[in-house]
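Everything below concerns the one structure shown next.
For clarity, chains are labelled A, B, C and D in written order, and residue numbers in each chain start from 1.
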Amino acid sequence: MKASLHTSLGPLNLGHPIINASGTFDVIEADRILEADLFSDFPFAAYVPKTVTLKPRTGNEPPRLYETAAGLLNSIGLANRGIENFIVEDLPRLAELPVPIIASIAGENTSDYGSCAEMLAGRDEVAAIELNVSCPNVELDGRALGCDPERTARAVSLARAATSKLLIVKLTPNVTDIVAVAQAAAAAGADCISVINTVHGMALDPWTLKPVLGHTSGGLSGPAVKPVALRAVYLVSRALDLPVIGMGGVTTAQDVLEFLAAGASAVAIGTASFRDPVLAARLAGELRDLMEIRGIYSIGQLSGMA
Amino acid sequence: MEDQHIPASLFDCPVVESRPVGAYRLISFVAREVAALARPGQFLMVRAAGQSLDPLLPRPIGVHELESDLVKILIEPVGRGTISLAGLRVGDRLSVLGPLGNGFDLTGEGPALVVGGGIGAAPLAFLVRALAQRGREVRCLLGFKTRGQAVAAELFRNQKVDVYTEDASMGEMGLVSEPLTGILAEMQAGGPANAISTAGAVGDLRAAEIFACGPDAMLAAISGIASDHGANAQVSMAAHMACGVGACQGCVIRTVDGYRRACSEGPVFAAGEIAW
Amino acid sequence: MKASLHTSLGPLNLGHPIINASGTFDVIEADRILEADLFSDFPFAAYVPKTVTLKPRTGNEPPRLYETAAGLLNSIGLANRGIENFIVEDLPRLAELPVPIIASIAGENTSDYGSCAEMLAGRDEVAAIELNVSCPNVELDGRALGCDPERTARAVSLARAATSKLLIVKLTPNVTDIVAVAQAAAAAGADCISVINTVHGMALDPWTLKPVLGHTSGGLSGPAVKPVALRAVYLVSRALDLPVIGMGGVTTAQDVLEFLAAGASAVAIGTASFRDPVLAARLAGELRDLMEIRGIYSIGQLSGMA
Amino acid sequence: MEDQHIPASLFDCPVVESRPVGAYRLISFVAREVAALARPGQFLMVRAAGQSLDPLLPRPIGVHELESDLVKILIEPVGRGTISLAGLRVGDRLSVLGPLGNGFDLTGEGPALVVGGGIGAAPLAFLVRALAQRGREVRCLLGFKTRGQAVAAELFRNQKVDVYTEDASMGEMGLVSEPLTGILAEMQAGGPANAISTAGAVGDLRAAEIFACGPDAMLAAISGIASDHGANAQVSMAAHMACGVGACQGCVIRTVDGYRRACSEGPVFAAGEIAW
């Protein structure tokens, strides 16, 4: 018997549960630079472009990256060409992808979320909108809007009012109570929760002993944060009756299996794509094998098994 | 620099040579496709193949030289990633993504002044050979801190190389940027355009052109000298990288037009583009 | 010129800045089991015993340990024989140590902190008291008392009223704003802040896909959390005018150097002692070397350099 | 079990042998002090020497055998730690803390029934040899899932071993606990005390004694059988460990007297002490 990898996020059907994490995979650039034909042979079940904002952002001062033990610190600072350019230049090209597009948006204040959602509301190429309320690299103190349940709820309400598209809210782990923020998002109309964005952290240059990152601190991703992410998925999926997209340190098919068992309906790959640029293409098959040797034949059976 | 759309791929490559070259380590591996495609100044994202999470990510490493199916890289072990690479031995395997980046633009015709600092010398052996093959007059200056690094100059086998060390332990003493003004003037004078006294106009293909790779401070100094002499300079910039393919926005360099990604819009930039 | 490693936590002078993290080094057991004579040749500049509580605690259900990427998850649950036994049985033996003793106490509620501090107040063997308000393994939701600035302040006030000994408050990173909790502790009379206790996390058994730990979730320590810890030290030491003890993932002398540069006056070693049981004996010498090649000749000069 | 205060230390040990034994890997390293001190049932905290953080911590590994200065361990690669250990080759180095734990109590005099399950067989070769050297009658039963594991029985060279596999691919088919009742009765009958029909009283030194190491379910079954027959049983318990020296309280086993640390109060416990 062959395990089915089909899964869904509310009304959004996915051929398998593995998608990319926003900001870590650029299909247009990758298709240009790599030999692989990514538009016809796309490894993920949905495509999440880099977060866009109302106005273009140049991003934070470099250096923006530093490897730590089993982790990566970044302080990109949501560098992007703005939602206009995204809609005009990228969306038409992205529409050629054989999978749904989940646009990711962020704002400098709650009203930006409403404005951005409104601009995407009429775009048929966009299957769902992810509200990134959790980037730690915008404010210097690493305090994202999503640290506050009320501001989160306000941002979600404004987006909800602007569109009937599937609304995913991506939360930060840098809070005392992630479940409270998730509940606030749900009450305000979120259809799905993504956890986790990066964990705030910092590194010093080994020689100068000054902060390595131009932005002083940054967000930690990769295998180092997997235990934090798994716990967030477990808690949020138990507390809420919404589908959860799990991410944070997923590097192997075994990790995907664990995030699904913890309660996720889909799993996103970020940092691991940097480590192994062809990882995504292998994962779905390996996941099926791991499910079958355990006698698990559907994602539904697996999801929340823990 | 112009992008010539060479497709990059991921390869699993056996190491066939691993030997110390002073403070550095020379590693050769079999990578037919990379050897066939790579141009001077391009780089590879490299890590030891396998499951170990330490280090987690590949590191950008310049193509030092090519020899039929072999690709050679020169490693300075400074941290988690490069120490792991320098530990590779014959029979170990490398995970290699590449070739990546734009590489140097070799289409000029004037004399070439190639300048390297420290491990920045690594990609220049290939460059010097390619320039010479194009029939360009080449002078090469390499600067190092110590003799331990400077022995890497022996890798520029068939090329005349002037070596400078900060501690005078090998070659001339001093920074490689110091003699540059004189040498540049000399080369411009020798150039067929012969318009040096009025400082050869930028874009004049017969004027001397500088190609440089090394620490930021060195590149900044060279850039200043080049612009004083109206010489073109191409500089290969360093940055921490994660994706290597333009996706993560992590490797940006500050240019006069804003941030540019070292991996996909560089690593080679016209010196005048950089906001030093 | 030789660098001096001398440092201090308020009035408490330390020969060098490296101490052990509570719960990770048991000098009585280690002296019994290992060949080394730890009582005469003690590697740390102060000794912090395992946290004790008013009543004995058996601790959480096993398994209590699981290794994750560059990290260790634990859910010990403050297993200890109670403060009475600690005072009667352990303290006399510990008094033989050539270094100051920093007793660590925790409570199930704020008043326990007052009671425990009172019991230690008259014990000359105890140089300082660390209030562990941050153990994630007592409550099932991982919510430590130290997640709440007000409860933290109350616990500190009660301990402060009970003793004039140096009071160290050990904080959890599992909060939205660690500086706010540190400030509450300081206002309530803390003399020194320790950061960080473990980061909450979780792991699943790779085969059964159930939580590995008997307690479901646990606390993450080791190199994986170093960026989180370094950031906490940096923020807290800048915001407060109190000495900070830094810890979380310290594994090498370079790490010690970085924590001091980030603002710590002393640095504690936890998980790394499991990895290398003789690490502590080497670190002070290696730290001096790293300082000297950088032209740094005192901890004061180094502290806060970042 | 009694603690005999053998001082443990940390050693850096060169690997001198590394070979597959079916699904397991046998690794021998030079560790004179450990070889001089270790007793059957004791364990070592072992990791590949070096700076790599993957894996982060050592793993508890039983002493499989000793041979002059050499210590031998048998590894089943199941996760991060054991896969790394199984990858060690001649010339690599191990970081070894030990010997640790109490080990088996060999001071009884009756016939010994040694029972191993899976990788739990590893420490029993040393035990069987030591028991035989003390002149005790020894029978050894080893149970495995598959033939790939069962070939490890060949490591019990000079001892007669009965092998059971769950898939009948080697030896008898079935779980090792199944024949136990019969064998135990047989051994008790043969014992000089000859008081078996009334079930030899616990503590009767001439009664058969069981020594077991393997999965919890197997040990629980054996414990039940032993108590039914009034036979002593010593069981070596598994737990995840961090410190190995009683400091972290991480490795506790549930006993009838509450939690006990496998590393410092075990890993060998009287079967009757365990709260199965």
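Criterion: a residue touches a chain if its C-beta (ideal position, glycine included) is under 8 Å from a C-beta of that chain, and two chains touch if they have at least 3 such contacts.
Please read these numbers as outputs of a predicted model, since none were measured by experiment.
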Shortest chain-hopping distance from chain A out to chain D: 1
Farthest chain (mean CA position) relative to chain A: D
Comparison of C-D and B-C (more C-beta pairs in contact): C-D
Euclidean distance of C-alpha centroids - chain B vs chain D, Å: 57
Distance from the mean Cα position of chain C to that of chain B, given in whole angstrom: 47
Whole-Å gap between the CA centroids of chain C and chain D: 36
Numbers and ranges of chain D residues touching at least 2 other chains: 53-54
Contacts with two or more other chains, residues of chain A listed in rising order: 69-71, 206, 222-223
Category of the chain touch graph - line, ring, star, complete, other: complete
Contact set on chain D toward chain B in their complex: 51-54, 83
Interface residues, chain C side, partner chain D - complex: 23-26, 29-30, 32-36, 50, 58-59, 61-67, 69-72, 74, 76, 79, 206, 222-223, 251, 271, 273-278
Sites on chain A touched by chain C in the complex: 68-71, 73, 141-143, 147, 174-177, 199-204, 206-207, 209-211, 217, 220, 222-228, 230-231, 234-235, 249, 254, 257-258, 261-262, 294, 302, 305-306
In the complex, chain C residues that touch chain B: 69-70
Residue numbers on chain D that touch chain A, as the complex places them: 53-54
